């Protein structure tokens, strides 16, 4: 068994494991993002971000991270990248854009970073 | 292991085990009945039974069993008693009414049958 | 560390909710049933558990056939009691204990139980009726513990084996006891005993088999794992498979238990009702 | 009786769907990736499986956190590919094989796997991209087998252990092989290899670890069960946990397999992509 105590997870720098603790923080945010599977919800969000966030009961940390388009803050607030990807899709951000935003690189730098690992 | 071959289940007279075979037959019927958890769907069914059944894709065996208020036929057509209970609730049938209907007793006879097992 | 005080099993017949609401405790039909809960009330008053793990089976409210889990564990801040289709008024939400839920889920998945975690879950009479029976006025009883629902599949065959149910309880015990806060925990197992709602055999009750289960569950639960699921349907009735919840509860209580009280009464609605309070030694 | 011909593992990167649609097979970025599938196409043409068991991980389309199963098995007549939020056109539904699904579920629940059965399930790129790679034009390829999706949780920790994943595959094998019709079955394991989408470590790739996994999965899969889930996140990246699907597939192939082809290429999108075709002996 690899989880001896109440703290199940090892510290991996630059990595936030989406476990129960994160899930408890982020449920409303993730639920809203899950709703973006449907076009009608994507359109409603685009039409009025604040009203849509409010209708899903997002807290201030969730909302501010979204207003700031700050991916790392969304994750810190309990967001799960699989659901957040549906939100970043609305913002027309590619996976490499999102990678760059989180690592302080431009998208081109981030793409080169990936290629360099070949 | 208690299921040696492809036929997993022993024959128990008067009992239809809700297994995969039954589930494959009854999915649309059970899905409609699950929707009756919500009042809006109960009202829509009450207002137009045929249209509501059609909207859930019920087959003719499902529909005829419902038109006939025939519980045994609903079960034979793949209905699961837990979901059907929500439908019989709409018909204002008690669990003892439903018991009587399936066993060929009046409700009073069925109640007495239960008491006699004490 | 958290400590399991004991377990309480009980039938969870919907009609009980109605009888509670209408205060039929002294009605001749209901008195032999409600009298079975007097000692349980005193035990709860004495012991005041902080957390109640409520092992029940959903009846088509919280889960549908589109995604039917074998074992589901709630991990929500609260659990809503919703309309099951009969238009009955719903109770107020039951506060949860998500930190302990996640601790249990971590422990049980590590122990190779394939849990479905539920961060949102509507709970039906299987969960609610026992709460009303044990904590009158629930969830507003001042002694109401925080709740963690656990639901096992008895709707869609294949259902879990009696052995898997007992082993589930044993793994659950490990998960609860390793929780680092000093909390007192009671485990419920709700459902059963023998009954059958559907088919030409509707109304089937089996006193002899129920008594056999009641005789053995406290001190010889492994014997009961010899019962196959098909036998369970045959002998306990199609809905008597809810006895699986009693097995899950039993597993969580450890090897040695003391029976504090027992009640068995035929019939309540279509069901042979049973209650058992087992205290951990 | 049904017979397992072999297993094919592959990455399932969403960008592949786009490349397939735009026929980028000879584009310099894509060629080293698509070249890995040539031998797989011949093998499929030669062997013509009747059923494909597609072991993948859902990414937030078919399941949400309200009810997150550890292991889910589809038991539907067909599986719809739905919009995942990017507005991409969806493929037509994939025909299922519910009779075999139920047979497998019966067998695995009897063997103490706590399955969530899914009679309705929307499938995402994790399921669809490998189908497009192996059966071009899917689901309308004339050789398209009937499909059974199996999804394991990699979204919400705790995820299953590598040992449980391998054991799942072994129990799955037993369920498939006991199916009484003479059907040829291929098992897919989709996802991986190393990649990470989130956090300051986004873009993490680990060639050495991927090669270690590729070296050992065919002939020494039990060795890989020594890897803890935390190590897997550390060494394969947060989304590299999808390697669990490869372990599940591997378990279904029996003790002895022959490696027919292997491909490994960095990067496709953010991912170290890998493919492996193992034939059962």
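When the chains are written out, they are named A, B, C and D in that same order, and each has its own residue count from 1.
By definition in this document, contacts are C-beta pairs under 8 Å (C-beta built on N, C-alpha and C of every residue); 3 or more make two chains touch, one makes a residue touch a chain.
Here's who's who by UniProt: A, B = Protocatechuate 4,5-dioxygenase subunit alpha; C, D = Class III extradiol dioxygenase family protein.
Source: prediction; values computed, not measured.
When the interfaces B-D and B-C are ranked by C-beta pairs in contact, the top one is B-C. The equivalent interface to A-D, defined as the listed pair sharing over half of its contact pairs by residue number with it, is B-C out of B-C, B-D or A-C. Subunit A and subunit C have Cα centroids lying 38 Å from one another.
Between subunit A and subunit B the centroid-to-centroid distance comes to 44 Å (mean Cα coordinates, whole Å).
Taking each chain's centre as the average of its CA atoms, subunit B and subunit C sit 25 Å apart. In subunit C, the positions touching at least two other chains are 65-66, 105-106, 110, 119-120, 156, 158, 161.
Multi-chain contact residues of subunit B (touching two or more other chains) are listed as 2-3, 8, 19-20, 23, 27. Contact residues on subunit B toward subunit D in their complex (touch as defined above): 1-3, 5-6, 8, 19-21, 23-24, 27. Across the complex, subunit C meets subunit A through its residues 75, 77, 98-99, 101-103, 105-107, 110-111, 119-120, 178-180.
Note for the complex: subunit D touches subunit C at residues 63, 65-72, 105-106, 109-110, 112-121, 156-161, 163-164, 167. Residue ranges of subunit B in contact with subunit C, taken from their complex: 2-3, 8-10, 12-20, 23, 27, 30-31, 33-34, 36-39, 42, 71-72, 75, 80-86, 89-90, 95-96, 98-99, 102-103, 110, 113-115, 117-118. The touching residues of subunit C, when paired with subunit B in their complex, are 15, 59-61, 64-66, 82-87, 155-158, 161, 196-205, 207, 228-231, 233-234, 238-239, 265-267, 269-270, 272.
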